[in-house]
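Two complexes follow with chain A in common, the first pairing it with chain B and the second with chain C.
Then we have the complex of A and B:
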């Protein structure tokens, strides 16, 4: 089988996964104990009002008809308006508001993990059992071990009080650019980046710095665990590769140190890291309810959680659908990367 | 649900006592976030701040002074007839005006868009003269706008409180063969541009109070096309989220979903023109984040989560005639001292028992061991007052003093004491013992504070042969299970729709607690089989229903009935009263704001607020 056939097969196999996932979503929301009408009306529940809302939302239709309607709308990307979170607003419009922050947060937390975790791991692996290895390894474990919820609260509290603690010498809020410790970053400058950059590069850069600074503490928290993870796995992978026969052969035939590391060790050590990184990237993009809540970022994770507990089917359906598509997409991407990095994948069976 | 129980509107109205189920808004319903069931940060939905720079954080520039506040729940809509949650209500309150209003949230209504009104001798016809007011688009507020706005409330598919006008107030209307409202038949007339005549089916003592709901707000006639022959001047989503037009002291500025919203002073306001240029709300749902936001002085006006609240830092300087404690709180974490107001709001938080599943001795055991005073002090850090009657004391017949006297003389389970011995006796008489414990499932909303209370109760009850299991559920699940009769002991709260005892005591009207029927209003299943005082409560509530008029005689009859219902509840322990919440807000010196009243901070209009920085 060629690697393209292999790849296409993976794409086809993802279709039943998508159908299965969305069906489960529908079943959980509609068959579970969640009642969107209760969520809308709250304690002051009136049967007449509830009946009216039920009819308007189509909840009085037979379940199978609701299901087919749901699936049809899902696959035609037309899920209509949110029921509970923001009635009168389409699910896609809501996602357009909430997603960019989460993607921005996920982007930075992946970057932190990638550009701090992996180099540190490789460095430790290349210099095993030295004090710097111990230092890096120990740091990795500590980062890995600190729970997000603890780290997030500590960081928010600490950053809020930097001014008092340093007697006004250093205040996080006014450092470089003025930002709040909590609340979401403003990402408006991304709407038409080229145009606004050309018009006013200073302002644009200022906005970029502001948005980056605003998201940095949350990204650090969210990326911390993956950073530790990738550091540990990177170190092991390098150690394993460094001791393999072909590296020894290469060294014996006189390959220079730099070529050895970059050409023979680095590429092979990346293989076990790829599924870790793609897996984590999905997790991070899917949002972290907790980190988003503590930093008041109100992103996708927050939206997802609220839509779920309130039984907001159109919204949760759309989100799940998109998450499933992303998950399946990253898996396909991962397989694709494999075929590039590791030529052995795909040729056999 | 059995269809035999499908009540017609009118029959339902009878069954539920004329005004049965008027609901929420006002800082009331749990809406999406369910906060109200168990809120323990004591702020309702609304907190607040300073610097003009915060506006930049949402990418929305506001020019002029900005009064910065916090919303603890997300805003869902700007359409007055569609909003059911506190956060939306707070913003809508600033943008839209009604005929009546609660000034600063005090529980006495005043004229707002109504310049004057008269009531017919039989209390069924109200005639309002309107103020000379304009909408934010410049057009005049006319009587016909109310006819349109209220028709939307009654028949628009976007309306979620149709029963406010059809049942609670009971404006005269026609029904079709299925007993549903026939659109366009409300008895509301506009003989001239400034005169509005409303006819009710029968008298209702809290009509004017109900008209202070933002659901009854004036909107320009024909602005959206969701009722009658109107085409709509704009799309519904445009009105509901981007361009709501009202006649309130502030114009809508922006609403970034899940993030923030702002309103801007309306210069041509017919009343007192706002003193601040803008009010901006940041939506922050997490307690810690809200606290940090406030401590960083990003908000001028805020609440404190119970975890960060220290009762020892409150300095009360005066208590006014409405029971509002006014003073200072400090030092805060950031070293500043904030202004403070603590107000007992018209609310009750209680434990309800599904009487079909929890027998009377067990319920009485709960009542004996529960020490309301201790719970309020230890668990809620004094942010409320212990409740022994279901009606908040300020609106109890005869007032707070009468309530206290009644409790002192008649409360059967011990005031401010934990009586495990009595609980044990009652259980043993019923045949329970160390080897024969009663298992009860306690279901509560996800709240640490309530869980703390549940644990204390559980430990105390263990000695009284009751084995209590604690379970937490999300709000929508909790209510759904309640309505299906699946709960045993559960915690919930109720916040006043209108400031009268019937609004509270409808929850203790036995026929309305039957979960086998459609739409019970509480979930205790009070029947003659499981409660000795069933008949007493049922009869008393019927008295209330039969005497709905706003006259002194009817009032006296109702008052007697209210007390009878409270007694019946004491006897059968359908609901165990825990506490009346105290709402507390804090603000920095840069703000000059009137303390809010018992209807809660969400009812306060902000046109009188001044900033001095």
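Then we have the complex of A and C:
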């Protein structure tokens, strides 16, 4: 079986998973204690209006027919409208507004974890039991142990007061570009990046720096746990590989230190890191609700949280569907990466 | 491969490798372990020198010391490793890299794990070719194919593009040997290359090594704990015990008249040597001690059936077993056997080492 056939098979095999996930979502929101009609009417509840809305929304239909309707709409990407948070707005429009902020946040937190955690872990693994290893390992444990919500609040507190603490010598808010500590990032410059860059490159770069600075504290918090994780696993993976027989064979062959690390150790040490890295997609979805709330980023996490507490059923269903798609997608990506990095992973079964 | 032949080569040539008084120690929090303690032996071109001993007797550390592959907390503390007239201990790391895999190559114990699983076999052979002979591209591929054919891997062209996990155990060991031979080494160090293989494959690999030795005039240092394998392949045997070489003899001589009580014990503990149905196989009681101090006594004495009082206070040096026998050395107070034991003890005590072969 070729790599592409294997890939197609994995995609086909993920369809039942998506159906299962969305079914559970439907069961949770329709069979749970939430009454969408009360949520829509709020304090102006009266029986006639409620009956009217119930008929309009098709909530009088038998449950199975509602289920098939729900599934059919999701799978045809007819994602419906919000009922409570922004009545009449389509889920598409809401996602268009909120998703870019979450993607921007996720992008930076994965990047920070990747480019700080893994190199630090590999460095510690290559120099085991030295002071710098102890320092990095200790840092990794502490970093990993700090809960997101706590770290987020501490960081907001600290950054807001940098001005007072340093007597105005360093103020986070006015450092490089003026920003607030707690703010959604301004991502307008991404709408048509090429065009606006051509028109005014200076302004465009300024906007990029601003958006990066706005997201940096939140990304640091969100990436912290995975950064610690990757550091620890990276260190162990390197230590395990460095003591393996094939590394000794390579040394006995006269391979120089640098080639040894980059060719023989690095690729093998990456194998256990792949599921850690892809597993972060899940962490980022869940964790982003907290962090987005603390930093007032108003991204998908914030939207999902509000949809849930307000009983906005179609929005919850749609967002869950998108989360499921992202998770299944990263799982397929993970399997795909495996086949590239590790030739022992078979395409059968 | 006969003893006579090796004796002839020995007489009129310089050894390719001469290890003199090598000591390698490992520093732990508790103690300093002298894994190799004062080992001396020679290897000549075209001959196979076997090193036998129990686990933990220092065989592998000796091999790794020669390759300078000892990492912290281990350290070569003493001695000289003369290879082609140059002391390997004084080489810089860079010089050492060009010797490793170039003039001295090594084959390791476990063929299943000694190839990198994420690169093709061809890639790993060509890596050695590029490092030491500057070959690349189709030239390297051609050379690699020839190497695989030389070690008896059929369909070499296709096999080159396969990954180690697609090879069987015996085939992998052949590939590892091909990799070791890539740069025409003068000395091949084999660290238990057949231990992980079943007996049929073992015999094939030994045969292959013999063929390659004849073709290329290779010197082979062969480490094993299997006396049967030693009898098969070696011209000369060094028996190691607790970091020391306690007996050194041509292979036939060693098997016909072992001198050191430890060697005698080892050979007696091999099943199937004229044992009747009711006879029990003899064993050597006890374990190998950890050599963690300066030897002022015989390290084998606690387990030795022939031990006497002097064994606890005098450290035996390797000496000719008889004054007319310069090829057979043993480190035991009972030898040389043609003088009285008291005289022998006195010679050992004075540290008057009479090495038979130099």
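Everything below uses one rule, namely that the second predicted complex is superposed on the first by the 335 of 349 C-alpha atoms of A that agree within 3 Å, B and C clash if a C-alpha of one lies under 4 Å from a C-alpha of the other, contacts with A are read in each partner's own complex, and residues count from 1 in each chain.
Heads up, the rule we're going with is that contacts are C-beta pairs under 8 Å (C-beta built on N, C-alpha and C of every residue); 3 or more make two chains touch, one makes a residue touch a chain.
Only a predicted model underlies this, so the values are computations on that prediction, with no experimental measurement involved.
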{"item": "Side-by-side fit of chain B and chain C on chain A, or clash", "value": "fit"}
{"item": "Partner chain in contact with A:255 - chain B first, chain C second, else both or neither", "value": "second"}
{"item": "Most chain A residues touched (candidates chain B, chain C)", "value": "B"}
{"item": "Contacts of A:244 with chain B and chain C, given as first, second, both or neither", "value": "second"}
{"item": "Chain B versus chain C as contact partner of A:34, first or second or both or neither", "value": "first"}
{"item": "Which of chain B and chain C A:168 touches, first, second, both or neither", "value": "neither"}
{"item": "Touching partner for A:58 - first (chain B), second (chain C), both, neither", "value": "neither"}
{"item": "Which superposed partner A:147 touches (first chain B, second chain C, both, neither)", "value": "neither"}
{"item": "Partner chain(s) touched by A:264 [first = chain B, second = chain C, both, neither]", "value": "second"}
{"item": "Chain B versus chain C as contact partner of A:201, first or second or both or neither", "value": "neither"}
{"item": "Overlay on shared chain A, then closest C-alpha pair between chain B and chain C (Å)", "value": "49"}
{"item": "Residues of chain A defined as touching chain B within the complex", "value": "33-36, 38-50, 52-53, 56, 84-89, 93-94, 97-98, 153, 156-157, 160-161, 164, 173, 178-188, 214, 293-296, 298, 302-303, 306, 309-311"}
{"item": "Residues on chain B engaged by chain A in the complex (per definition of touch)", "value": "7, 9, 12, 20-24, 28-34, 36-37, 53-54, 56-59, 74-77, 79, 82, 84-85, 157-158, 160-163, 166-167, 236-237, 240-241, 256-259, 282-286, 288-290, 292-293, 295-296, 298, 333-335, 474-477, 479-481, 483, 492-495, 497, 518-519, 521"}
{"item": "For the chain C and chain A complex, residues of the former touching the latter", "value": "67, 69, 97-102, 105-106, 108-110, 113-120, 124, 127-128, 131-132, 163, 165, 176, 179-180"}
{"item": "Sites on chain A touched by chain C in the complex", "value": "244-256, 263-264, 267-268, 271, 341-344"}
